[in-house]
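What follows is a set of structures to go through.
The two complexes that follow have chain A in common; it is paired with chain B in the first and with chain C in the second.
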Partner chain A sequence: MSSPLILLPGDSVPSEYLPSSNSSAPLRLGPGLRLLSQPPSSSSSKTSTGHVLAATQSGILTTDPKRNAVSLLSTPNRRYVPTSNDLVIAQVHHSSPDYFHCLITPQTPQVVLGQLSFEGATKKTRPMLKQGDLVYARVLSTGLGAGAEVELTCVNPATGRAEPGGLGPLTGGMVFDVSTGMAARLMRASSSSAENQESVDGLVVLDELGKKLEKVGGFEIAVGRNGKVWVDCANGGDSAIKATVAIGRCLSAIDEHTLSLADQKKLVTRVLREMKIET
Partner chain B sequence: MNKEAPLSITERDFILNALRENVRLDGRESDQLRPLSISFGQEYGHVKVKLGKTSLIVRISSEVTKPRDDRPFDGIFTIALELTAMGSPAWDNGRQGDLETYVTNVLDRVVRHSNALDTESLCILKGVSCWSVRADVHITDYDGNLIDAACAGIMAGLQHFRRPDAVVKDGQVIVYGVDERVPVALNITHKPLSITFHTFDEGNRVILDATRKEEQAAEADVIIGMNNAGDVCFLSKFSGSPVDAMVFVTKSTVAQEKVKEINGVIDKALQADLAKRAKGGMLEESRAENDR
Partner chain C sequence: MVGPTTSLTPLSRADGSASYQCPATGANILGSVNAPIELPGRRDALKPEDATVEVFIKPGTAPGGVGERYVEGIIKSMLGRLVLGREKSYARRGIVVTLAIVGGESKPRGDSYLTVLPALLQTSLLALLSASVPLSMTFSATVLGVNTLGEIIREPAPTDAAAATSLHVLAFSSKGHLLLNESRGSFDFDTWERIRQRALTICHGTLSGSPDGDVAMVEDVDGQPLEGVVRETVEDKYHQDYAWKIDAA
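Take a look at the complex of A and B:
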């Protein structure tokens, strides 16, 4: 493992840091990187060394050889900048005949979400969203240049299904604000398997909460890259609200303080005890 | 175009439902303050207040001016508060919003109109010169309950501030520099503080020290201005849905407790700071007695 590489905006990514792909999968770019030029398509199948990438944010370069992906770990408290394929939690601001106009971050221009970009939506069956409703959506395109509109979608246009599962209106539960870094950590922690948990910024809070809250019916969670986490304990019965608040408190405490794995477990136990939730 | 981020329906409903079960988002009791920290800067009258995530800086300053013609015996005391983009992206520089007008008005009434600072003691020479004391409040981060935090900051600042000494000799006003004579503390008559409550669920749930989200979800707010002795110097139910009269009665008791608690924090911080300054400070040098 080579030493971590820190990039500043505008820096190009040295080709030796790119995952040397043996697979035929195309190189995947994560947030904070932009493709400047790529090798001619005839030779691209063998190697990714021909790619010229530049950083658009400052951060540490990370690569995932298994998925042939490369991305940039940005600073935790960075403001959210929409990037294609990010999962976000948007709040409907108003609707027009073709689009829902949504907010993904406050005090920024609104983004649009097509009225028909939901799973199985037709003109008659499309969801009727009101102002203030929440939607879990994927960033479809960000456009280029100043004033470009960001478009969201809740459906994969190729298959017509909500992919990955769970995209669509969020009802009930509660949204908690976390830093964008924490949202990214939560995303990484949920997508990686247990054995490499140590390397993924050590986040065991969700597993721990999942174990402890099994008795109250478990919980649903949706993480938006825009620094919002939606939590719902629909089966919780009487302690649903307490459990939801407990999850929110755990997340924000871990966000604000750097906690080791053992401390995270202790925190979960302490918060649940304070909230008087049986485990 | 800048506006406070609107609360989603989910958040609004959840906050209300949670309060019905007596649960707050940060796990506090309904009558519990967020952790309050007060610290002082290098100069007199420079206060930093942190109330949870709300944080602000208060600077007290003074200058010699001519008193107002209709009040020749009084000094001048002004409170200046401006919500700038430094505190929250929802605020614009140079444009006065409703919140700014409201907070300024309440602070004016709680601190200035209750005569917390004895303005007559600021008079130097009748009708000719007096001290003009000014409190500037700068908000550096906003997460609800601006009023209580600003009020605590101003009161701490007034108690901490030392103005230069001034004397009148043969009709001439002489102002001594702070390194010439020990600067003088301001004359504080009492220590009023504001305590803000927010009501939910048709006035059935009343909480203290709301965060920004709780403030947005609230139906109405009740502000009680009070001093340590329990004298109510300000009471406001400005807008929103009706509040039962008993709320004012029961919450005054809570308010007095909290005023004592906050004043305790201020006193502690003041004593710690003065003890620090006493070492090698001006006061030490100008003492008449000797250490033997």
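Take a look at the complex of A and C:
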């Protein structure tokens, strides 16, 4: 992908950019693309079926040959719109007999989180969350139409376990705001396997911080797709607060300025030195 | 011919925003789009399957009046045809476009908005693109004036616009459809046809129809076609935002 194909609404996807259809799976269309049966001009009638793929948003065309999928990468700083199975960091607003009412983005209606949808929760042992507490949760359903409630959960309903691990109340630590594009990058970077750790999605900041902050006891991090990053250095002792703030500063600096891998390493060193954290 | 200056997503809190500066007419517009958002009241019941487009225009110096409401109506009906309001999560939601006139010649009360209208339209398009609102196609708009000698002036300055016998705003979709035609003053059909040809050239470049029907965008005396300005702005933004991905590949 030397020069990426950037589409505007109404542009049709050239057939040579589509993944080669040697697999039997049908082509999957991601967000921002639609199938039109009527070719808009005579030039695209060369396709035998008379169908044409047209973009409805602007974005970079990306293809996944393994899943035989094609989608558009849209602007990275758009507002978060809840989608099923997204991991988010929610803040409890108030509690009612059956639900915790939480906020995932400040400007959207509250979402609900069942009082019993925690790992091992019963009426007696459920977590007592107060206003302002943070929860790492998965989006269970988004409902249909306007005014529908979004429901979160901290367990897999089939197994009753908190999977993927780490779902549940977040105690201590601090939350930083990043763009939704940055949050998606961080999630991909942290979930990918260890062998291609070098420059996953152009991010080395977490690895670099992990190496440098080993002396102060390491840190925990949870990334929500709604553009929130929770950081905690529980073992840090005296420098725990400094280290937490340093991590937040590094993440927001990389979010604001597009930094290369070498620049990210330099930034980590500089921020840690400014905060007077021993490495 | 100096082209317009544009920027995408200058505001961080809006879902999408754009600024647009046209050196010829002196218009300087800042636009923001919030979508999809919940509408207050029961306005959604009017169109249960479609999104509602709302447009607000804020003049730089005076509070909005009848003139602004009129232009809001023009822009709203044009954008309403381009926005795919039935896409997922857009039905019964609102798309709110706010356009602020932050610079340029202050208009006397009751003056027509024709000279600023193309800039307002271009800003709203860029802001919609920045907010990733689903659109069926893009468009470009321009204003042309005809002076007393019968000459066509592209994007007339405020003094030229005041002296012109007729003013015309035309918008073309990216596929070449005429989307909008607003005219003021006296003119005949031949003049209008010349205006249309010239506006099409400004928006799409000289049409060099190749045998397979492709329309190529070529630069000429009018400089870069406006369609290309929109595309270039968006491409620049993506190259900037996804530098980590594009450089790595």
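Following the convention adopted for this analysis, the second predicted complex is superposed on the first by the 198 of 279 C-alpha atoms of A that agree within 3 Å, B and C clash if a C-alpha of one lies under 4 Å from a C-alpha of the other, contacts with A are read in each partner's own complex, and residues count from 1 in each chain.
In the analysis below, a residue touches a chain if its C-beta (ideal position, glycine included) is under 8 Å from a C-beta of that chain, and two chains touch if they have at least 3 such contacts.
No experiment lies behind these values; they were computed from the predicted model shown.
Asker: Should A:78 be classified as contacting the first partner (chain B), the second (chain C), both, or neither?
Answerer: second
Asker: For the three-chain arrangement built by superposition, which of chain B and chain C touches the greater number of chain A residues?
Answerer: Partner with more touched residues of chain A: C.
Asker: So, A:9: does it touch chain B (first), chain C (second), both, or neither?
Answerer: A:9 contacts chain C only, not chain B.
Asker: Determine, under the contact definition given at the top, whether A:226 touches first (chain B), second (chain C), both, or neither.
Answerer: neither
Asker: A:56 contacts which: chain B (first), chain C (second), both, neither?
Answerer: Second partner only, chain C.
Asker: Could you say whether A:258 touches chain B, chain C, both of them, or neither, answering first, second, both or neither?
Answerer: second
Asker: First (chain B), second (chain C), both or neither: which does A:181 touch?
Answerer: After superposition on chain A, A:181 lies in contact with chain C alone.
Asker: Determine, under the contact definition given at the top, whether A:32 touches first (chain B), second (chain C), both, or neither.
Answerer: The second partner, chain C, only.
Asker: Residues of chain A that sit at the chain B interface in one complex and at the chain C interface in the other, please.
Answerer: 107
Asker: Note which residues of chain A are touching chain B in the complex, please.
Answerer: Within the complex, chain A contacts chain B at residues 91, 93, 103, 106-107, 130-134, 170-175, 230, 241-242, 244-245, 248-249, 271, 274-275.
Asker: Which bits of chain A are touching chain C when the two form their complex?
Answerer: 1-2, 4, 6, 8-11, 32, 40-43, 56-60, 73-79, 81, 107, 109, 145-147, 181, 185, 199, 201-203, 258, 260
Asker: Along chain B, where are the residues that touch chain A in the complex?
Answerer: Chain B residues touching chain A: 2-12, 14, 17-18, 21, 23-27, 89-90.
Asker: Sort out for me which residues of chain C touch chain A in the complex.
Answerer: Listed in rising order, the residues are 9, 12, 15-16, 36-39, 44, 84, 87, 89, 91-93, 129-138, 173-175, 212-214, 230-231, 234-235, 237-238, 240-249.
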